[in-house]
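Have a look at this one before I ask anything.
Which chain is which? They are A, B and C, in the order written, and residues in each are numbered from 1.
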Amino acid sequence: MTGVTRGWDGLSGRNPLVGFVDACLRGAAQVVLQNNPLTGLLILVAVAWGAFENGQPRVFGGAVLGLVVGTATALALRVDRTSLRQGLFGFSPLLTGIAVPTFLDDRPLMWLYLVLGAMATTVVTLALNAVFKTWGLTAFTFPFVLTTWVLLMAAYQFDRFTVLTNAKPMFPGEGTSTGGSFDWDLVPTFLRGISQVYLTNSWVSGLIIVVALLVNSRWSALFAVVGTVGATLLALWFGADGASLDKGLYGFNAVLTAIAVGAVMHRPGALVTAYTLFGIVLTLFVQMALATVLTPLAIPVLTGPFNIATWLLLLPKRHFAPVPNHERVKETVVSTVKHTV
Amino acid sequence: MTGVTRGWDGLSGRNPLVGFVDACLRGAAQVVLQNNPLTGLLILVAVAWGAFENGQPRVFGGAVLGLVVGTATALALRVDRTSLRQGLFGFSPLLTGIAVPTFLDDRPLMWLYLVLGAMATTVVTLALNAVFKTWGLTAFTFPFVLTTWVLLMAAYQFDRFTVLTNAKPMFPGEGTSTGGSFDWDLVPTFLRGISQVYLTNSWVSGLIIVVALLVNSRWSALFAVVGTVGATLLALWFGADGASLDKGLYGFNAVLTAIAVGAVMHRPGALVTAYTLFGIVLTLFVQMALATVLTPLAIPVLTGPFNIATWLLLLPKRHFAPVPNHERVKETVVSTVKHTV
Amino acid sequence: MTGVTRGWDGLSGRNPLVGFVDACLRGAAQVVLQNNPLTGLLILVAVAWGAFENGQPRVFGGAVLGLVVGTATALALRVDRTSLRQGLFGFSPLLTGIAVPTFLDDRPLMWLYLVLGAMATTVVTLALNAVFKTWGLTAFTFPFVLTTWVLLMAAYQFDRFTVLTNAKPMFPGEGTSTGGSFDWDLVPTFLRGISQVYLTNSWVSGLIIVVALLVNSRWSALFAVVGTVGATLLALWFGADGASLDKGLYGFNAVLTAIAVGAVMHRPGALVTAYTLFGIVLTLFVQMALATVLTPLAIPVLTGPFNIATWLLLLPKRHFAPVPNHERVKETVVSTVKHTV
C-alpha cells in the first residue's frame, strides 16, 4: 500500500492532470478534515452509492461537477498552491454541488445554477478564510453553507426555480417538528448520521465513510462514531422529531464537531474527550436553535451548526495537548489551518 | 467599613474557598460593570427579593447555580486568574441561570438544561472575548444573550421542554405590540427598569440595586437612573406598548448603556453626558428593532440591545477624557477591558 | 473647467463654510465612489428631479438634511479631517435622509427621527470602519443600511410611526413575489436601475447620474451601465417579479458592485471585467436571498446586497492589476480605503 501511495504522490507531483485529480480526491476527504486521496475516492464511492440507492444519480453528477469547477476556479484565481494541492478548495464546492440538485427541481438551468454556485463557493472560501485568519481559524464548510443558503433563498424569487426541501415556511412550534415515530433501528440511524455529512441518506454510504476515515485516521473514525451516537441519543432523550432522527439528521453536525475537536485539532486524550462530549451537546443545541431560526424561511441548517459550535469551541484556545497524535493527522492540522492564501 | 473590606480581601486572597465566593459575588456585580463583592451581595439580595415576591423562588436558585457552575467551569478551563477573581466569568452564567427557570417550564430536566447552559456561557465568553479583543472590546453580557437565545430556540424542537415567554410567534405589526394602557405610576416603573437588568420585575429590587451601585460608584448609580428615566420617557412619547413599559422593559438596556458609556468607559463630563444621552436613544431604537426581528421567533431581546449599542458607541474610540473619575472605577475599567485570557 | 475647479478647490481650502459645502457635495458623489464636488452637485439635481417628479419634495429635503447633519456630526466628533473633506462622512447619512421620508409617513416627528438617524449613521460609520479596517476594507454604504433597517423595524413598535414599504410581512413564496408583467421598455428600466442607487424611481434622474459619473470617471460610468444592464437582464431571464424589474429594483446593487469592483478598486482590464461580470451575478443572487430573509419583516434590502457581495469579492485580495487607471480614480481609491479615522 505504501508503495502504491508513494507512486501516486510522485506521479501527481510530476503530471499536472494527475495533480488536479489528486487535489479533487483530497477535496472530497477534506469535508471530514482528512488529507488523503484514497479516503476521498472511497467517499466519492459512498456518495455515488447513496445517489443511486435513492434514485437520484444527478446528485452524484453534481458532486463531481462542483468539486471540479470549484477546484478549477481556485486554479484560475491563482490561490496558494499548497492549499490547493491539499484539497482545501474542493470540499465546499463539492457539497454545494450535492446540495443544488438535492434541493432544486431537475431542469437544464439547474446546472448553470450549480456551476455559478460552485464558482461562488470558491470565492467565498477565499473571502471567509481571510476573515477567520484574524483569529487563527478557518471557515471550515461555512462557504458551502452560506452559498447554498443564498442559492436556495434566491430561488424563491425566481419563477424558473422551485425549492424542494420537504418543508414550507411556517412559524416555529407549528407543524409536527417534534414527536413523530422513531423505529428504534439504532445502528442504521447512527450510520445515516455519518452519511448525512454528504447530504446522503444511506446507512451503506455511512459505513463506507467510516472505512474511508479508518484508512487515514483511526481517531477520526472513532470520534465520527462517538459524534453520531452521542447526538442522536441526546436528541432521542429530549424528544426531537422522530422522522428527522431516523434519517440521521441530528447526527451529522456532531460527527464533524467530534472529528475536528476530538481527533484533528487537539491530541486525543481524557480532557479532550470530555471537551468533545460537551462539544457534541453544544452542536446539537446550536442545530436545534438554527432550525428554529430557519423555520420561517424553510431552508435546511446544512453544516452551519458544526461550523458555529466548532468556532466557539476552538476560539478559547484551550491547548489541551500540544502535539497531534500521528503524522498524517499533524499534516491535516497544518493544512486545515493553512486554508488561507 | 474599610477595615472589613480589607479583611475580606486578605481572607479571599489566602483561602481558595473564600476566594471562590468572592469571585462569585463580584460576578453578580459585574453585570452592571462593578468590581465589588458587597455590591454583588446586595444584588443577590435584590434578585432573591424579586424571585420570592413573584412566587418563583427557583429563579433565585437558578441564579446562584448559574453563577457557581459558570465560575467553576472557568476554573476547570484554567482561565486567566485575575479576570476570574474579578468576577468576569460569573456575570453571564448568572444571567443564564436566571433566564432558564424564567422562560422554561418547571421540571427536573430544566436543571440539567441550566447547568449545560451555564457551562456553555463560560465557553462562549472565552470565545467571544477572543473575537472582540481585536477591536479593544469585550463581549459584555452577549455570551448570556447568545446562549439563552440558543437554549430557548432549541427548546422549540424538543418535546420535553416548553417555552414560556408570554409571546407566540407572529409577524411584526400583528397583535397588540403598540398602544396598551400605562398607569403613569412613573417612579416604580423607573425602578423596575433597573431591576429588569436581572430579569426581575420588582421596584423594591430596583431600589436595592441602586443602593448596591452607590456602594461602589456614585456615577454608576446616577447614570443607571438617567438610563431608565430617559429610555422609558422616550418610549412613552413615541407610543410604545403600555404593558411592557409598565414592567420596565424599555429601561434596562439603556441602564446598562448609560453605566458603560457614561460612568465606566469614559470619565464623566459634559461631552460624555451628551454622548450618553444619544446612546440611550440609540439603545432604545436598537431594542425596538431587535424586538421586531425576534417577533416571528417569539424570543425576548434580553440585553442584546445594550451590547450592540455599546459596541457601536465605543468602536469610534472617541476618548472624550482619558482619566477615569476615581480609583474604584479605574479598576473596573481595567478589569472589564481585560475580560480576555 | 480646470480653472473653475482649481478656484473652487482653493476657496474650499481657505473658507470653512465653503469647505463644509464642498465636503457635502463630495459626500453626495461618494455614494457611487466618486470624489468630485461637481459630480455631487449633479447627483443632488438628479435626486431633486426624482423627488419632484414623484410628488415627494420632502424626500429631497430629507436628502439635504441628512447630508448636512451627518457631516456636521462627524465634525463635532472630531474625525479625521482628510476623510471628512473627501465626503466620506456624508454619503451614508444622505441615503438615510432619503430613506426616512420615503418609507415613513409624513408627520413632524418624522423629521426628529431623520435627524437622530443621520447622527446615528455617522456614529455607525465610525464604528463599522473600525471593524472593517482589520481586513483592509471599509463599510461602504452599510452604515446607512444598518441604521435604516433599525429605524424602520423600530417604527413597528411605536404607535406614532407608520412604515410605508408597499409590502406587508409574509412568508417567502407567498404573494406575487415572482412573475408579474414587464413591459419590455428596457432602456428606461436600465436608467431607473441607476437612479435607484439613490432610492429614486426616474429614468431622467438615472441619465443625470450617468452624466455625473462621466464628469469624474468614464470607466465608472461604463461599469454603472454594465451593472444595471447585466443584473436586469439576468433577473428577467430567471423570471423575477416584473413590477420590481420595471422600477429598476434589480439593477442598483449591481451598479454599485460594478463601479467598485470594475472601475475603482482595480485597474479596468479583461480579467477584472470577467471578475466584475461574475460579481454582478453574485450581487443579484445575494439580493434575491436577502429579499427572502426580509420578507417576514417587510423591510427593503436597500444597498445591503452591494455591500455583502463587494466585501466577498474584495476579501480574497486578487490584485488583478496594481495600478489604478488614472489620477482621479487613484485619488478615489485612496480616499475610499482611508474611510477610517
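Criterion: a contact is a pair of C-beta atoms (placed from the backbone, for glycine too) under 8 Å apart; a residue touches a chain by one contact, two chains touch by 3 or more.
Since the structure is predicted, the reported quantities are computational estimates derived from the model, not experimental observations.
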Chain-level touch network, classified as line, ring, star, complete or other: complete
Homomeric contact subunit B-subunit C: same or different residue positions, threshold half: different
Separation of subunit B from subunit C, taking each centre as the mean of its C-alpha atoms, in whole Å: 37
Subunit A, residues touching no fewer than two other chains: 134, 296
Residues on subunit A engaged by subunit B in the complex (per definition of touch): 134-135, 171-174, 177-179, 237-241, 278, 281-282, 284-286, 288-293, 296, 311-313, 315-318
Residues on subunit B engaged by subunit A in the complex (per definition of touch): 77-78, 109, 116, 119-120, 123-124, 126-128, 130-131, 134, 149-151, 153-154, 156-161, 168-170, 296-298, 341
